[in-house]
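Some structures to go through are shown next.
Paired with chain B in one complex and with chain C in the other, chain A is shared by the two complexes that follow.
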Partner chain A sequence: MTDWLKQKKERARRLEEVASLVSGKVVQPADVTALLERIICSGDRVCLEGDNQKQADFLAECLTRVDPSQVHDLHIVQSGLVLSEHLDLFRLGIARKLDFSYSGPQSGAIARALDQGKIKLGAIHTYIELFARYYVDLTPNVSLIAAVSADRNGNLYTGPNTEDTPTIVEATAYKNGIVIAQVNKIVDTVPRIDIPGDQIDFIVEAPKPFYVEPLFTRDPAAVTETQILMAMIALKGIYAEYRPRRLNHGIGFATAAIELLLPTYGEQLGLRGEVATHWALNPHPTLIPAIESGWVQQIHCFGSEVGMDRYMSARPDIYFIGHDGTLRSNRLLCQNAGLYACDMFIGSTLQIDLAGNSSTVTPDRIAGFGGAPNMGADAHGRRHVSDAWLKAGREAAGNDGPLVRGRKLVVQMVETFGEGMKPAFVEELDSIALARKLGMPLAPVMIFGDDVTHIVTEEGIANLLLCRNADDVEQAIRGVAGYTPVGLARDRAKVEALRERGVIRRPEDLGINLLQADRNLLAARSIRDLVTWSDGLYAPPSKFRNW
Partner chain B sequence: MIPENIMNEPSWYESSARARINGLLDAGSFSEILGPQDKIMSPHLALFDLPPAFDDGMIIGRGLIDGRPVAVAAQEGQFMGGTFAEVSGAKLVGLLRSVASAAGTSQAVSTVVLLLDTGGVRLQEANAGEMAVSETIRAVLDVRRAGVPVVALIGGRAGAFGGGGLVTACCSHIVISEQGRISVSGPEVIETNKGVEEFDSHDRALVWRITGGRSRVLLGGADSYVKGDISSFRQTAAQARNSAPSLSLETLEREQERLEQRLSSYGDCRDTPEIWTLAGLPTPDKIADLTEDEFISLLAKGGRRHDAR
Partner chain C sequence: MEKFTIHTQAKAVLRGKSSNAFTGVVASGNLEILFERKDNSLDVTVEVMTASHGYQAVWEAVIKDFVDRTSPGGVHIAIHDNGARPDTVLLRLMQGARLMGAQS
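What follows is the complex of A and B.
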C-alpha cells in the first residue's frame, strides 16, 4: 500500500533529531550550526533567504560551517545570491545546484564558479518566475529566513522589508518543509504579525541585525545634463503623448532624472494629475519632490529603502502602511502589480542590439534578472483597458477595432556611450558570447526586442511600435545610436524617412530647447535637498551626505 | 512641503562660474577683462595632453552690485578643479593690483568679490601655481590696506582648498553656504598621507563636519552663512562690505588672540560635535541635521563668533 505520509513523517523525524537543541521554538545562536546539520539533509532544496535588500546573513554564515561530509549536494533556490557566504556554500561543497534570480555584487564570482564547474546551474529566473516554481517543482525542504523581530511563539514582524518572506514561508510550511527564522530581537509582543507563528518552526536571535544596503538611492548631485535631456525627451515624447498613469520606474539615473523633473519640467508641460499617479515602485528618495508637490496618489513597494522609513510612515495616504505604522512591502505582489496593472515600464539598460533586445550582461558577469523582465513585458493575460495601453496597441497594429488589444509601454533609456565610453548599441549582445562559453541554450536577455516599444537616447526617441518590419526597427535603432559604430552605419535616407513618419523624433522635433537641460531644472540637486523636501523625515545613510 | 528657494532659485553649488557672476551682479553690468575671445590660455597643459580653456578657468572683470562698482573674480571649479596656475593666477593678481592702485581715484571700486571654487594649485604647473597663491595673498592684503574690502563667496563644488583655503582666510569677509568647504589639506590628501584611520575621505558626513560651511561659520572661519541659492549669496555679498574690519595691527592681534584661545579650548577635540559640546551648543550631535532655518536661528542666538579677521 502506498505511504501517503512520507513527507510528514520525515519532517517529524527531523524535528525529533533537534529536540535537545531547542527550547520551545527558540534556538541559541551557538547551536544553530549543529541544528542545521541535523535538520538539513544532503540533496535538500534550501532557500536561504536572499532578497533584494534583506538577507538571512547570520543563518547563511552558520550554514557555511556545517560539515560538508554530512551535508552536501544542496540545491539552493533563492532569489538573490548576493552575499559571499552564498558562494562559499558552493566552494565548500555544501551546495551543488542553483536556481536564482539576481546576483548583483556576486555577479563576477558566480561567473567564475560556473566556469570552474563548482555550480550546476538550473536557471536564472525573474522574481515571480522563481516564486511560481516554489509552488510547482522547486518547493524548498528547508527555508532559512530573516525578520526584524519575533515573539516566543514564532510570530514574525518583518519590518518594512517584508519582500520575499511570505512567499517563501508559504511554499515551505504548507508542504511539510521546515522554516527557521533569524530575527534581530526576540520580544514579548511583535508590532504586527507579518508571518503567523504556526508557519515558523524555529527562531534565533542573530548576534547582529541583518544588513540592509541602500540600493535605490540615486544622488541627485550625480545626475548629468545628458540624463536631464533624456528625461525631458521622455517626458515630452512619451509621458505627454501616451499619458500613462500607472507605471514602474527602473532604478537608474535616467529615471531618477525623470522623477526629479516631474515638479519642474513636468509641471511646465501641464502633466500633474495626468500621468504617473499610481506606482509599483521601490521607495525611491528621488520621488519625494513629486510626492510632496501632489503628483502621486499611491505607491506599492517591492521592498523598503534605507532612510525612507520615517518619511513613508508619515505618508500613509501614499504608501501601504500596517496598522502598526510601518511600511508593508511584498515582492511577489508588487511584481505582479508591475506586470499586470502598470501601463508603462521605463528603465535603463547597458546594451541594445539591432532588434531592440537589451541586456545587462557583460562577458565576465552574470547579474541575473531580478524583476525588470516582468516589469518590461507586455502581459498577454491583461484584459482591462486604459487609454495609454490602447493607444500603444493601436500604434503597433496600425489600426483600431474591437479585437485590437493594447500594449504595455516598455521604454529603454540609454546613453549612446556608457561607462568608459563603451558603445551601448552593438551588433551582437555580449550575453550571446557568454551563453556560448557556458553552453547555455538561451542567452540571458533582460528585455526582448518584441516587448520594447521605445528607445530613448540623447539623440531622440525610436518608436518601435510604428516600425512595420525588421529593417524599420534596425534603422530606427541606428537612427538614435548617435556616433557609435552602430549609429554611424545607419542608412541616412531611411533614417530621414523614419523621422518623417514620426518613428524617430529628435529633441528639436519635440520642441525641446537643449539649453534648458540644466541641473538647475532638477527639483532637488542634492540628497540634502531631498531631506529638505521631506521636511526632515528622510534620513539618508552617511555615504550619501554632503553636509 | 515645497521648498521655494530650491524650486525657484538656481543653486550656487550647481551653477557655472559665469552663471554665478550673472546672478551676483546687476543685470548686464559685467564687463570682462581678458575674456575667452582673447584666448589667453595655459602654455603648460598641452605638454600633458590636456585640453586648455580659453579663460584658463578664471573669469575676472568689473560690474555693479546694487549700483555700486565692484571688481569680481570667479574660478570655474569644473575646469581642472578650479586651480591656481600661471595664467589664471596672473589674471587674479592683475585684477587685485589694479583695484589697489585705483583706490581713492574715480576708477575705484567699493568691494572686491572673490568667487573661489578650487582644490588649490594646478599640479601640472605647480611652481607657477604656488607663486600665484603667494602673489594673490600679497595682493589681497594690499587691496585691504588700500581700504577696499575683499569678500570671499564659498559654496562651489570644489570648495576652497590648498592655496584657495589660505587666500580665503586672508579676505575681509567670508560668506559660505552649507555645501561650501574651506580647508588647506584636502580630505584625500590627508587620507593618502596619514591613513584612513586619521581621516576617511569617503565618509562625506565627516568631511563636511570638519570642513563644511556650518562648522566653519560656528568656529569663526567664515563670517556669514547663507542658504545655497544664488540670490542669497547676492544679498549677503551686497551687505558684507559694511561689516568688514579694517586691516590694522589691532585687528590682527585680536585675531591672533582668538585663534590661540580656540586652540587651547578645542585643540584636543577629534571631531566637531566635541567642540559644540564644549561650546555649550544645544544638540551638538545634530548640528548637521538641523534645517537651514533652524541653523540660521541658532547662529543668530549665538551672536558674532569673532570680530576680527
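What follows is the complex of A and C.
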C-alpha cells in the first residue's frame, strides 16, 4: 500500500516535537534556536527570507546558532543573500547547497565561498524564475519570514515591504511545510491582513525591527554632467522616438538622471502625458519631481524604500495602497508586470561585449541577477500590442507584415569608462573567466545581446534593432564605445555608414545642445530638493541627510 | 602633473567672434578649459596639464576627434585636468567651442 500522507505525517511529527516550546503560535525569542533545531531536519530546503530589501535577520541569527551536528546540509532557497549570517550558515556547515537570485553586499563573500568549496551552487536565478521553482522542484520544507506585526492567530501585516512573503508562504504552507514569522510586534489586531494566519505556524516578536536596506536612493548631488548628457540622449533618441508609456527603470544613476530630467528636458520636448505614465518601479525618490509635475499616472512596486512610506501613503492615486493607508508591494506580481505589461526596460550595466551581451559580473564578485533579466527580456508570450512595441518589432524585422510581432525595448545605458577608468566595453566578458574558474556550464549573463535593443553612452545611441548582421552589431557597439580600446578599434568608414543609416545617432544628429548638459537641468539637485518637492513627506535615511 | 602640448591643423577657422571662453571646474574627475582666439590661421594648439600620467595617446585621440568635429582653427586651448575621463574632456571641449561660436 502506498502511503500518500508521508508529508502530512512528517509535518505533524515535527509540530509535536516543539509543542513544549510554544504557547499557541507564539514562541519566545530565547526559544527560537531550540525550536529551529527540532523543526528543521538535515537536508531540508529552507527559505530564510532574504528579499531585495527586507531581511528576517533575527531568525537568520538564530539559525546560525543551531548545532551543526544536529542540523546540517540544508539547501537554502531564497532570493536575496544579503546578510553576513546567510554566508555564516555555509561557513559553519549548517547549509551546503544554494539556489538564489541576488547577493548585493555579499557578492564578494559568495565568490570566495564558492571558490573554497563551502557552497554547492544550484543556480543563480532571476526573481520570478526562483519563485516559479518554489512551486515545481524547489519547494521549501521550512520558511523563516519577516513581517511588521502579527496577531495571536498568526495573521500577518507585512507593511509596505511585502516583497516576496506571500509567494514564499503560499509555496511552503500548501505543501505541508512549516512557516515561522519574526514580527516587530505582536498586537491584538493587525492593520490589514497581508498573510492569513492559517498559513503561519509560529510567530516570534523579534528583539528589534527587521532590517531594511535602502537600495534605490540616488543622491541628485552625485549626478554628473556626463549622466545628464546620456539622459538627454535617451529622452530625445528613445523616449521621444518610441513613446513608451509603460516602463521600468533600473536603479543606477543613469536612469535617476532621466527621472530628474522629465520635468525639465522632457517637458521641453513636449513628452508629458505621452511617455512614462505607467510604471513597474521601486519607489525611487528621484521620481518625486516627475510625479509632482503630473507626469505619472500609476506605479506598482516590487518593494518599498526607506523614507518613502509617508509620501506614498499621501499619493494613493499613484501607488497601490491598502485600505489601512500603507503601500502594498509584491515582487512576484511586479516582476510579472515588468515582463508582460511594460514596453521598455532601461537600466545600467557594467560590461558589454561586441555582441551586446551585458553583464554585471566582475572576476571576484557574483552579484546575481535580481530582476534585470526579466525586465530586460522580450516576453515571447506577449500578445497585446502597443505602438512602442510594434515600432520596435518592425524596425527589427525590416517590414510590417501581418505576422511581425513587436519587441520590448531593452535599453542599456553605460558610461564608456567605469570606476577607476575600467572600460565598460570589452572583447570578452569577465563572467566567462569566472565561469571557467568555477566550472559553471553557462557563464552568468544579465541580458543577452539578442534581447538588447539599444545601447546608450555619452557618445550616442547604437540601435541594435536596425542591425542586420553580427558585423553591424559589432561596429554599432564600437561606434558608441568612446575612447575604450574597443571604441578606438572601430572601422571608421563602417561606423559612418551606420550613422547614415540611423543605426548610430550622436548628440548632434539628435539636435542636442551640449551646453544644456548642465546640473541646472536637474529638477532636483540634492536630497533636500527632493524633500521640498515632496512637501516634506519624503523622509530620507540619515546617511543621505547633510543638513 | 604631466604637461604636454599638442599642435594640429583644423580644416577651417573657428566660427564665431568671441575672443575667449572658459568652461569647467578643477574638481576631482573634472577639468577646466580656456579657449583663446589667436589669429585667422588653421593652427590649433592644445596645452594639457593633467594629474593623471600616461594617457597622452588618449588625449591625442580625443583632441583629433574634437578638431575634426568643430574645426577650431586659430585657437589656443589650455586645459587643467584633474583626472577627468575622456568623455568629460570631449564634452567640455565641445561646450567650449559652442561658447566661442554661440556668442558671435
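Criterion: the second predicted complex is superposed on the first by the 547 of 547 C-alpha atoms of A that agree within 3 Å, B and C clash if a C-alpha of one lies under 4 Å from a C-alpha of the other, contacts with A are read in each partner's own complex, and residues count from 1 in each chain.
Everything that follows uses one rule, which is that a residue touches a chain if its C-beta (ideal position, glycine included) is under 8 Å from a C-beta of that chain, and two chains touch if they have at least 3 such contacts.
Keep in mind that what you see is a predicted model, and the values were worked out from it rather than measured.
Once the two complexes are overlaid on the shared chain, A:S313 sits clear of chain B and of chain C alike.
Applying the stated contact rule after C-alpha superposition, one finds that A:T264 touches chain B and leaves chain C untouched. Of the two partner chains placed around the shared chain by superposition, chain C is the only one that A:N513 touches, whereas chain B remains out of contact.
In the superposition on chain A, A:T532 makes contact with chain B only, not with chain C. Look at A:A523: by the touch rule set out above, it reaches chain B but stays clear of chain C. In the superposition on chain A, A:E225 contacts chain C only, with no contact to chain B. Considering their complex, residues 263-264, 292-293, 519-520, 523-526, 528-529, 532-533, 535-536, 542-547 of chain A touch chain B. Looking at the complex, you find that chain A touches chain C at residues 224-226, 229, 415-417, 421, 457-459, 482-483, 488, 508, 513-515, 517. Those residues of chain C that touch chain A in the shared complex are 29, 58, 61-62, 69, 85-88, 91, 94-95, 98-99, 102.
Those residues of chain B that touch chain A in the shared complex are 1-3, 6-7, 10-11, 13-15, 178-179, 202-205, 207-208, 212, 214, 288-289, 291-292.
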